[in-house]
Each structure stands twice: as C-alpha cells, then as structure tokens.
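Order of writing sets the labels: A, B, C, D and E. Residues in every chain begin at 1.
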Amino acid sequence: MTTPILEVKGLRKLFRMKKGWLQQPHDVHALNGIDVSVYEGETLGIVGESGCGKSTLGKCILRLLEPVQGEIRFQGKEIGKMNKNEMRAVRRNMQMVFQNPFETLNPKLTIGHILTEPLISHGIPREQRQALLEETIEIVGMSKQHLSRYPHEFSGGQRQRIGIARALILRPKLIIADEPVSALDVSIQSQILNLLQDLQEQFSLTYVFISHDLSVVEHIADKVAVMYLGEIIEYAEKEKLFGRPLHPYTQALLSAKPITDPDDTREQIVLSGDLPSPSNPPKGCKFHPRCRSSMEICKVELPKLSEIEGQSVACHLYQSFPAIDPS
Amino acid sequence: MNEVSKTVAHGATHANSPIFPKLAFWEKIKKQRAAKLSLVVLLLISAIGIVGPWIAPYDPTESNYEAFLQGPSAKHVLGTDAIGRDLFSRILYGTRVTLVVAVMAVGITVSAGTMIGVISAYMGGFIDHLLMRIMDILLALPGIILALAIVAALGPSQTNAMIAIGISSIPSFARLIRAATLVIMSSGYVEASRSIGTPSWWIILFQVLPNITNVLFVYMTLFVGGAILDTAALGFIGLGAQPPTPEWGTMLNEGKDYLSDAWWLATYPGLAITIVVLAVNRLGDALRDIFDPRTQK
Amino acid sequence: MDNVLEVTGLTTRFSKESGTVTVVDQLDLHVKKGETLGIVGESGCGKSVTSLSLMRLLDDNATLTGSIRFNGKEVLALSEAEMRSLRGKEMAMIFQEPMHSLNPVLTIGRQISEVLHEHEDESKAAVKQRVLDLLTVVGISRAEEIYRDYPHRLSGGMRQRVMIAMAIACNPSLLIADEPTTALDVTIQAQILNLIKKIRRDIGMSVIMITHDLGVVAEVCDRVIVMYAGQAIETADVRSLLRNPKHPYTVGLLQSTPRQRTKRLHSIKGSVPTPENKPNGCRFAPRCDRAMAICWERNPVLRPVDQHSSCRCWLFTQDKDHEQESSVIGG
Amino acid sequence: GTLATKPDTDEGKKDANISEKKGGTITVAIGSEPDTLDVHKSTALSTEGVALNLGGALLYRDPQTNEVKPHLAESYSISEDGKTWTFRIRQGVTFHDGTLLTAQAYKRTFERAMSPEIAPKGVGMVLGIIKSIKTPDDQTLILELNEPSATLLTYFTSASWMQPLSVDAVQKFGDQYGRNPVGVGPWKIDSWKSGDSITLIQNDAYRWAPPFFKNQGPPRPDKLVLKLIRNPQTAVAALESGTIDIADLPAKDAKKFKNNNRFTVLEQTKRGLGLFVELNLNNEILQDKNVRKALQMAVKKEAIVQSHLQGEGIVADGPLPANLFGYDQSIAQYAYKYNPEEAVKLLEEAGWKLNAQGIREKAGKPLQLELLSMEVWSQPAQLMQGMFKAIGVDVKIITLEGSAVDQLTAAGTFDLALDGYVADDPDILFPFMHSTQIGGMNRSAIHDKTIDSLLEKGQVTMKSDDRAKIYEDLQKRAVEEAFWIPIYTEKRFVVVNNRVQGLMLDPSGLKLYQDVWVK
Amino acid sequence: MKQYLLNRMLSGVIVLLGISIFSFALVHFIPGDPVRIMLGEKATKAQVEQLREQMGLNQPLPHQYLTYMEKAIQGDFGTSLQTERPVIVEIMERFPATAKLAFAGIGIAVVIGLTMGIIAAKYKNTLLDFMLMAAASIGLSLPSFWLGLIVIMLFSVQLGWFPIAGGTGWKDLILPACTLGVLSSAMISRLTRSGMVEVLSHDYIRTARAKGLRESIILFRHALCNVMIPVVTVVGLQIATLLGGAVIIEQVFNWPGIGALAIRAISARDFPMIQGIVLLMGFVYVVVNMMVDLLYGLIDPRVDLITEKEGR
C-alpha cells in the first residue's frame, strides 16, 4: 500500500443558510477540516451521531455537494477542481450506496431501467449492457427475472441489493456506503453485511462505510473514524479504537452501546446534555459541554488531531500528557 | 444466495398489488363508485362532443322563424331560443366547443406551467427567483380580470378566451408543479441518479417528469373544471365564444334575459356546465385519492 | 397474583378492502407489578398493534378478541368514556417517534397539563407547578422556559423526555413504551433508558418495553416475549433468553447481531412474512434451518420448555403428533 | 310628435283634483350611469335623462302643435338673414344656489361650452356655429351666427345639454362640478353614490315650468331617486318587488306588465331607426350595387322584429322612420322587399357562384363579410347571419364594445355594421351620409353628389313643405343605391307603478316628472 | 421579525412594481384610442391630436410610465378619462361596498366551510360525509353567475324576500354575500375535511387519545389548529381576490363595487382607471398575503417567520 486510493485533506463544507433577501446569511459548519485516507481493499468506517456530518462527508467525496475547501484525491488525482465531464469519468470508479432503499429507487422505473441508467450515462455500448446487467443482478443474489419488475414489488433487503447492484454495475473501485443497513431489520442487515463483504473480496473493493451503529462498524471496518460535529475526533485501526478508546466521547459512545449480554458489568458513561446544533457549536473543543474530563483549556482551544501510538485523537487530555490512558 | 432471494421475492411480490402499476390504477378507479360514475359521464360527454353533430336533430345555427322562444316540446326537446334555434341541438354542438375551449386552455396552462415549474425548481437560484416573482405578479392580478384584459386586448373570440383562461391560470399551476418537482428533486432516487453521473436532462426526463405525472394529472382535472367555469364566465360577460357559436356560457348569457319568460334557455346550459364540471372535479378527487400515498393503505 | 396486566388470547384483526388480516394472533402475556416486560421482534411483526390494542387505540377497522384484564378490570368491556379515564391516568404510553408524537402547535406546558386537567381536579396553578416538577423529574433543566416552548424547538431526546413526563403525570400503574429510543442516538438512548429505569423504580410502575433491539432488552427488561409474525414464539426471563435461546429464530436473531468479531455473520435467510401472507405451518418454517416436515404442516403451540422459558417450536415439543390446541403458557 | 301621457286610471280620474298629493319618493331605474353631470363635458347619453331635471331650456317644443316656443326666454326673434338671434331672458329665474339667471349667465355658459378645452367633448361642437355673444343688458342675449341654422333652434329646446349653468358654482367646484351641478331646473342634486344611485330633491323655488304642464310650481314629490340597474331582468324583479317605480323595459318584459293592474305601461314609437346595417362602400364586394341589393332582399325583417322585439316594432323601408318629419309615405312602393330568390338571381348575375360549401365565390374569392355588432344586437345579428347564409353569403359576426366598434368604423376596417339612431329631425342623416363625414359617422363612406346636395339643402331650407320634399328625394336616392339595410323602428316601453301618477314622456322618450305625484 | 417584515415589504414592492409595468403595457395594448373615446365620433383629427398631446399620450411608453409612477408614488393615480374625477376617489368610493361584500361572503364561507369540513372529517366515510362532500363538489361546479341568477329568481322574484336592486344596505347584502359564501365555502369545506382527515391520522392525535382526552378537545384543540394553515391560505387568497371585486357576482347582483367599475373601465378604455384598479388589486393582494404570512406564525409556531416559504 503505497498511495491511498482516496485521500481527503482539510475538507470543509458549510451550508449557507440564506433566509431572507436582506438577511445576514449564517453558516452551518457541517464539515470542519476533515482528513482521512483509504487504501485499496480497505474499509474505512465512519461513525458518529446524527447530524455530525457523516453523510455530508460522503457526498462531498463524490462531489454531490461542493466542498468549500480542501483536497480530494482519488487514485492520486485531485478531483475537487474537475469539470463535469472529467468528473463523470471519475464517478465510474466511485459509487455510492444509500441509506434508504425505499427512497433511492425511482418507483416509476423497472429495475432493469434503473440499472441501465449508469451504463447509458457512461456510454457503455448497447451490446455489453445486457450481459453486465444480468451478471450484476446475479452477483447481488437476485435473478434476471427481477429486472422487469418495479421497486415496490421487492422487500427492503432486496431493494438494498438493487441499490448495491446499481453501485456495482460499473465495477467501481470505491464504494461509499451511507448507512446502507440502518433501515433494515437485524436479520436482513446481516445478509447485506455479508454480501458487502463477499463483494469486497470478489472485486477487491474499497469501502467508505458510514454508520451510526458501532456494532456494524466494528464488524465490517478496518479503520474507524469517529466524528463529532463536523470533525474527526478519533481515528484508528478498528482493534485499537475499540480496544482502547482514547477520546472521552468515543469512550462514552462505546459504553452507551447496548450489549446483548445481561451480565455485562461495564460501567456505563451516560453523557449529560444533548447534541449541540452545528449552526451554533460551542467554542473550543465542541465536546466539552458534555465531557466529564473537561478542563479549562477545552473551553477555549480546539484540540488538534494528533497521533498517539498509531491512534489519532483530538483531545487536550493527550496533548499535554501524551500516551496516558485516562479513566 | 439465489435460493434465499427466491423466497424473499416470493414473500414480497405476493403481498403487493399487481405487477403493473397501471393495472392497479384501473383497479382502484373501479373500486370508487364516484370515480367510475364520473368517468362514465365524462366518456359519455366526450362521445357527445364527437358525435353530437350527427345526432343533433337540427342545425344549431338555423333559426325557425315560426318558433321563437318555444318551451320544451316533442319537436324541440329542450325548446327553442329567442331566435328560434333548437336548444337541444345547440347544447349537443356546444359540448364540443366547450370541451375544446376548456381542454385547450388547460393545455396552455399545463404546458407552460409545467415547463416553468420544472425549470424553476430544477435550476433554482436566480432563475427560480425570477420566474417565481413573475408568477407572483401574474397571481396578484385576479384571473378573471387578467382574462378580461387579455380578451379586451386581443378581441373577444373563442381562441382568445382560451388563451386568456390558459394564461391566467399558469401561475398557480406553475407553483404547484414547482412544489411537486422540489419534492422529487429532494428524493433519494434523484440524488442516487446524480451520484452515478447522470446528466441533468436525463434526470428531468426520466426521473422528474414520470414522477410528477400523477400530480400533473390530478391538477389538470382540477384546472379543467375551473377552465370550463371561466370559459362560461367569459361567455357570460360577452367575451367568450362569439355568436352563433353554441358555447354553453355564451348560451347562458343569451338566456339570462329570459329567466322569467323562458327558463329553459338558461337552465339547460347551466345544468350542462355543472354536470361536466362536477364529473371532472369528482374524477380529479378520485385520482388524487388514488395517487396520494397517504390515502393508500 | 399481583399482575397489573393479564392478557389472554388477544387477537387483533383488521378489515381491509382485500379481506381481514390477523395481525396479532392469540397473544398471551402478563405484567407483574414493578416489572419490565420486553416485547421484541422484527418490523411488522405486530408489536405496535399489540400495544395499541392494550390501550384500545386502534382505528375503527380493527376488531379485538380475547381478554385484557388491567388491575382486575376487563379492558375490552369498558365503555369509551371509562376507557378514556383509564388512558393517561392508569395506563400511559410513549411512542417511537418523538418528532411526531407531540402536537406542533401547542406548548409543552399545555400538552402536559392537559393530562392533569383531564384526570385530576386541581387548580391551574397547582397543575402548572406539577408540570414544572415533572419536567425537572425527567431531567429538563430549564423547566420554566421549556414549559412555554413549542416541540419543534426541542431536540429528539428532549421531546422524548417530555413524552415521558406526560406519560407519568398521573403516576400510572403501567407504562407502555413503544420503541421509545429507536429514533435516538446511542448516547441519548442511554440517557432515556436510564431515565425510564429510574422512574420505574421511583414510582413503582410496571413497564412494557417494545423494541427490536436485543441490546435494549438486555439493558432494561426483566422478562421478554419474542414475537414473530403476530405470535409469541418465545418467552423467557431476560437472562435465559440471551444466554440460552431456544427458538431457532431467537437463536438466529442473536447470531445476526454483529457483536462477535467474526468475519462472517450468521444470517437468517429470507424475510419476515406479511400478515396477509403467512405460511400454513410454523410461521418461521420457510426461514428455519432446522425445519422438519411437520413444521411445514402445523403450527406448534407455545409451551413451557423449562422453568424459565416457553417456546413455540416442534423441536421442543415431545409429543409431535399433539394437536394444536389452546395453549397454556408459563411465565 | 306625440307626447305619451299616462292615461288616468278610473280611480285617478275620480279624485284628480284633490289627490295630487305632495311628498313621497319616486325611484326610477336608469340603465347606465352618467359619466358626469357637467353637460358640457359628458359624452354619455345617459346624462341627458338626469341633467334634464336639473335645468331648463331657452325654448320648448309644444307637444300639441310641435311648434318651438319660448320658455326661459320670454321671447325670441331671428333676423331676416337668420344670422342674428335675440333672446329675452325671463325674469325671476334662479339657479339652485340662489343666483339669478341672466343673459350673462347664458353667455358665460355658452362660452364655457365653446372653450377649446371643453368643446371637443360635448355640446360645444354644436355651438361652434356661433360667432359672437352679446348681452346688452341682463335680460338680453344676442347671438351672432356664422350662418343660419335650423338645427340650433331645435337644440335650444333641450333642457339638458343647453341648460344654463351657474358659473359661480362652476368656479367653486372646479373639477368636481360634474358631481355638483347647479342649474335652474325643478330638481336639485342631493347625492350621487357611484355605481348605485343619484338622488335628486325637489327645488321649492321652482316656478317656471313650461306651460304645457298642469303643475307650474315645484315638483310634488320630495325625492327622485335614479337607481342604476343594468340588467332588465333585475329591473323587472325590482319593479315587481316595489323597489323601483319606473323602468324602461324591452318589449318582452314590458308585455308582462300590460295586464297587471298595479302597473301602467307607457308606449311610444321611437323616432329614429332602431336598427339598420351600414354597408362599407370601400369594400370591393360591396361596391357592386347588385350585391348590396341582394343583401337587402335576403333579410326577412319581420322575423327580426318578431324575435327581437316580440313583434313590437315597425319594419323600416328607408333611412327615416315613419314618425319623423320628411318621411316618404310612398317609400313602400320602391323599397326592396324580402325576396331571397331575386337576391340569388342578383348575385348570380354579379358573378357570384355557389361553391361546394354552399358559399358563393367569384374568381376563387369567397363571398365573406364581417358584421360588426354590439351585444344588444346579438339576436338580429345572428338571425341575419342565417338569412345571408341562405343566399350563400358567409357572414362572420364580430361583437364589440361600442367604443371598439367606433374605432373600427372610423378606420373603415369593416364590411357591415349594425347601427341605430334616435332623432327629432331628418337632418340626422347629414352626419351619417354626407361625404364630409367620412371617417366620422358616415361609416358607409357614402360619397354621393346627389345625397350631399340634398343634405345641404335640407339644412338651410326653412319652409316645411320644401324641406319635406328634399328628404323624400333623399330617401329615394338612398334606398335605390342600397347604402343601408334599414331593419326596424322600435317602440319604447316605460313601466310605471300605479302609485306614481302623471308621468309624461317627451317625443324622444325622456321622462318628464313635472306633473308627477305619488299616491 | 422586523427584518422579516421589511423583507416581505420589499418583495411586495417588487411585485407591485412588476404589476404596474405589466398592467401599463397591457393597458396600452388594448385596442381603442382613449382620446377618440373621450371626444366621441364628432371630434376632428386635429382636436384628437391636440388632446393626445395634452394628455401626454404622444410620449414614448417608458416615459409615460415613469411619469405615471412618479405621480402614483405621491398618491396621484391620475383622473378617470370618463368622469374626470381622480381615480383614487372613484376607487375609494366603490371600495367600501366591495369590502363589505367580500368580508360578509368570506365570513359566511368560513363558518359554513369549517363546520361542514369538521363534521365530514369526524364522520369520515359515512353517508353524512358523502353527502356533505357531494354538496361541496356541486358548490365547486356551479357557475357563479348561474347560481346568482337562480338565487335572484327564487328569493327576490318568486318569494320577494330580498331586494335586488343593488343598494348597499345590509338587506341588499344578504343575497350576494350568501351566494359568494356558499360558493367559496365549497373549497374551504373540502380543504378542512382533507386537512382534518390527514391530521387525525397523525401520531400526535394518537398521543392525545392515549392521554385520555375528550374527543371535543382532540378535534378542536389538537386537530383544528393544525388544519388552519391551508385554510387560512385559501381564505387569504379569496379575500384578496374578492377585495379586487367579485366581478361576476357584482355584475349579476348589480352591486356597486370595484368589479363593476373594472368592467366599465375596461370597456370604456379608461386607462388610468384600469391601471388604478389593477394596482389596487395588486396592493390588496400583497397586503393580504403579508397578513396571511403573519397569521401563519400565530397559528403554527413551527413556521419560522424568517424562512421564506415556497411552493405555496
């Protein structure tokens, strides 16, 4: 692994909420300088609570949203400045799977049409289309009879398979999966997770896997980034992060996760207070109002992401006294 | 994994409505008695619009100098008007005229309104702003006054009435379509489509338009009702179709001076208008119920 | 017995254009005083319908049969007026979607005090004071301010707290919580679950906790009923259910939860049948790895397996030729 | 001219002398609202019926003898050359504001009407013939005319357009004078609710009614409400419900009141042509006299009278109605009668042959004409359309507002136009037919030397017999040339509630309230 | 809030400006020379030209427009060509009658509409519901003038209960106001019903039931408030339209309002009058809409006054 297949540096996105004509526009900082990189064949998990900017990050990478600042390098090429046509070429290698399988399929089109759309958009010759179509639908565990049906005739799990097939049909290198299993029942969720893992092996895919469910991320990811209000506050190999979470937020998150073990005796860290709104975030470290280990400096200064034993964390606790396990 | 999917497919398809959504539509229409009735009435009326001229007993513009203002009789089923024309024949002929005016007017509204609405929603930003402000301006002028002014400007005639009515309801239609388009635009599948790199025109054509057709259809029926009434209203103040065209509103206008002497003159055209508008409105209601996901259990 | 609620043979049917569907099928359950009963199951299995049946809050097209005895009264025999005085006062409910369960145009204060005005004869000032106290109890700090505020300005967690305050306003003996945390973030979920646990302890009420998350069950419940396609398929105390699940579905469910760090998850094939489309035999048979011939033919009954649990499965039925009959459940 | 008077009912006769009570309110429907009551500025015909009550005239026409007699002028004389007119203004006449009517008041009134800003709008035009006005003393008014005029004399009998105005009031009210007119008439303005009604109150200083009225003093009722009711149907209902007392109604509606003993219907044949068609002589097709004649013969006028007027009208043969001075009694002998066969023959002769669609055409050009009409004439227009169709002429009806019709006819862009007129004198034909009036009221663009000279002679010939002869010749010529298709002369019907007694109509249909009293 | 009002006013002004340009253009495209009309047929060409000159009608259109606007801003909308009275005076004379009719009509419509809608929603899918909604559908399908004529025929002519000669008294008001009210109530009742049906299916209604509240409280406190937004929108639009004159109804009932004035002005090519009326209508529309917007905020706290509403 030399260069990462995807490298994001200092990515910023703000939504300008322009309300009236004369109103001062005010900004929602959805992404605040995100740095991540993913190597080929790897799965990067991104976790965080609702509204912290996970989806925004995914969409910015695909340039479904235009970032305000920052670099996005895909296969070494900077795609942030590409024009429409160049971008279309890139999109062939970079696809997305969405959270809600019910909403992302056009109810008026047959599955066949939905799956052909990317082929036409990317100028795949007509002769090859049918073969690709049939091959792909079978890869995701469905049959070609399904191609002539409409989305409403399928169950949630099947629809998500169709969503995956659509992402897969151009044989991309990178798939950004935005909460692909959140809308599914537990028993179906495992089918899809398995499918994603199988496909990764088969096509040596790279995933950016976004989820709010720690268990799912823990299961599927190689590396995990924990986000809080538009920032990555901790970033490490899965084993390290789950084994020894450093950031107080990560710790709280892990402990809050309900575990199906009645004898579990771990101490639960219950955070106080609600998630602050991203349009009006607290000063200093954004987590400090809810943090048990909050210090004076946290109220003033934003901690930087720094590395401790191969694990990056943005917390003042580790900046002054490196490599000390809190708690 | 194939085995799995088959059972899954079995489970899912069986539960849902038939294979083709179109079929489901007819099923639903059939289930609603009011819808069925209004559809039948409308088909009947359209049929009259087409074959009216053949089944009409008299020439609608020919006067019988011996029979002015005669009440309903065997010879003239609905009576004759002030200049001795057969009212029944006029109403039959008028069906076509009235329907054509209404449908063409709505055609103008729908084509322009849809274009403006979709473009406005899709382009957003300045263009959206500009178009919507123009619509605001048009909307601020009450429809009938706008129509009056247009007819006054172009001269009263059937075509101009049509144009006037069509134009005057563009703003409301455009707004409705814009709202509907915005909903579609924010839907998951448009985003999914964009993520694949699908060009804009493709998205408008294959993602947006097919999904607003339901809405379009429903609004259209509602506007047809309005257009018939507006046509009649313009006819009533003498700015609609020109005599001797047997347009219902114009006939009503001619009949209004004979309310106490010849009740049939105003009553029958009035009834005809009410029946058609009622049928169209009820059909529109039924369509809305059918297409509205909230009312689908 | 100190059962707050005793339900036997509860069956809920909906009449639809296409015929009637049975959504809840011969459900038996009981809740002891101070106990938390969990109902788990996948989407569409009838959990919400069960809870709404208990409160008789279903639409007109629903018919209920069986018996629901609440504090000795037969709920199904009560008049609508009597039912009204029961709801909110003795039996309260909180819902899954805190976003939609509060009326957007009424203030928080009004919505809570409404319950008190309806069920208790108290002066306005007293009611207000109690509402403020309630808000404090559920952990809302700026009670005065929130009292005057509208729901849309509160976060999901806050709204769920308001819902809880509303539910416990009259100190009900039973609280039914229908997926109260599903729409919330993990950290907030932990707060709410803690709150429910604490209040249950403080006022000694019983709780029915409906969820699809076995983790939540593990956290708060004493006893659990697992539902599948409208039927209870397993009921047990929480420890034995999670430690020693009996029914293949429960087993599968536990194994599909991504908690082991295995490369592959276990998965249950297929998907949950819809109420209109239930298999003839055991409802789980089409998805079951261990299905036998009989499973396709006849539906087993729920019968005790050991002292901790009952299960509806032919694997645990010794006499496999036994006819299906009215079942006796333990618990 | 006949003065339509309400026949006294039996009951009325019995106590005619004792019961002419004072007081009460009469409500009269008016079909359209005056634009302004400033008679110098008004362009609306509806002004006349209202302004009439507010003013008085120098002269009046005796209803019995049809002679012109002095009224507000005690006496008048016209010089030999007909160019110097001297009026002696009656004494003791006051305006509503109390100022005295003098010769100066007349002078200033006329001068105002003739002033360049105002003249083009209204009556100033007729006064244009006046060269100078002199007032040697308060009671003497001397007008020097550019040339003699028979018409001006008739004009001076108009109590509305030619009434003297209180110039003080004109100055006082300025732009608002039109809403606050001040005249010398039996009625004063009380209020004017736009779009609703104009209320007049009795002027109790009034003592100068024309001699033919029984009542020479102030009007007996207190109030006269002129209520705007556009739709005749509404007027019918309002009459029946007693909301109004008097209304002009079309024949078909008036009929219903004829046998109703609560109401009396006054009938009067209008002086003028109720309806005729002007043929545009600039149109190539219509330049062919045969075509014009054919069109004449195609129209079954009786049917139009029957349907549109319920038979209550007289078929017209020529440009003048039977009740107007100068009417040619023998006209029926030479006028074109309904004769579709002959019409067809004429068209065939003229080279117009039927095509497959049943329309005639010549050299590939179909015989298509546009008929300009207004809404009131919708029925006659449609009937004629059918009649023309029968001889293979395709006529398209264009219904427009009066003003739009004027616009088109002035520009000459039309083929046929419906029109009508009311007049007291055959000189009305001058504007309609004289070649100098092309572009104005001479819509047909008649440019005929014979006609021109006859019209000119008619204007200056003062001797009745000679004058009558001139107009007879004129009718012969006009009928022969078939410039117009005269259709009918109609009747006017005024329905009066019997609680109101003594209403009279003057020859042009204006209502005279001087003898009116309320039971 | 202040900011918001300012914004609304600004966009209102822009709309008004647009209307003024639009109407100015439109009016000048209507054939019919006002000067000719003013002077009548007898006027000579020279006279016509002179008056045109005087009235500034010879100037290029944009110039005329600017002059007009300059005066309009100072409250001078010119004088009617027909009556030579200030346009503003003419309009203001008619406005009370129109306003009276509009508010009475809408008042009746709201009362009937809400009642019908609520009852129909409460007894959803019963015969009563069906009948009420059928009535509403018929109400929507009746040509207004036809209903007006029939009402006149019946109540004034046959029964003689009401006067019809278009006075402006309260008794005169009853028939036109009821006709208007009945017609407008059709829309309101349908909206109310569908709104109520939808709202009654919302989660918070279930919550209210779970609290053991009485049905009347649920219906009127919890449901009705949430239905008011679309109702208020429609009522607002109708008021705005009616304040500009219920053209047809005024015509039928001989009501001396703006609508009648408008028709007369258009047929007489009274340009300043047409323009004045159109501008007034625009103004009323803008103001009413602004008030409706403010009402939204009162009815529904979710409506953030600052955000711009779209798709209304």
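Methods note: a residue touches a chain if its C-beta (ideal position, glycine included) is under 8 Å from a C-beta of that chain, and two chains touch if they have at least 3 such contacts.
Here the structure is a predicted model, which means the values were calculated and not measured.
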Handout entry: More contacts between chains, A-C or C-E
Key = A-C
Exercise for the section: Determine, using the mean of C-alpha atoms as each chain's centre, which chain is farthest from chain C. Expected result: D
Handout entry: Where chain B and chain D are represented by their mean Cα positions, the distance between them in whole Å
Key = 47
Fill in the blank from the handout: Taking each chain's mean CA coordinate, chain B and chain E are separated, in whole Å, by 23
Handout entry: Distance between the centres, which are taken as Cα means, of chain D and chain A, whole angstrom
Key = 89
Handout entry: Contacts with two or more other chains, residues of chain D listed in rising order
Key = 231, 233, 236, 404
Problem - chain A, residues touching no fewer than two other chains - result: 155, 157, 191
Handout entry: For chain B, residues that touch 2 or more chains besides their own
Key = 4, 8, 11-12, 155, 256, 259-260
Practice task
Enumerate the contact residues on chain C facing chain A in the complex.
Solution key: 42-43, 155, 157-158, 185-191, 193-194, 212-219, 238-239, 242-243, 252-254, 256-259, 261, 263-269, 271-272
Fill in the blank from the handout: chain D residues touching chain E in their complex are 29, 35-36, 41, 43-44, 116, 119-122, 125, 175-176, 178-179, 193-197, 227-231, 233-238, 240-241, 243-244, 401-404, 406-407, 410, 431, 440-441
Completion exercise
chain B residues touching chain E in their complex are 132-134, 136-145, 148-150, 152-153, 155, 175-176, 178-179, 182, 225, 229, 232-233, 236-237, 249, 252, 256, 259-260, 266, 270, 273-275, 277-278, 281-282, 285, 294
Practice task
Spell out the residues on chain A that touch chain B in their complex, using ranges where they run on.
Solution key: 62, 64, 87-88, 91-92, 95-96, 98, 100, 102-109, 113, 117-118, 120-122, 138, 141-143, 146, 149-150, 152-155, 157-158, 161, 163, 166, 170, 191, 195
Completion exercise
Listed in rising order, the residues of chain B that touch chain A in the complex are 1-2, 4-6, 8-9, 11-13, 16-17, 19-21, 187-189, 191-199, 202, 206-207, 210-211
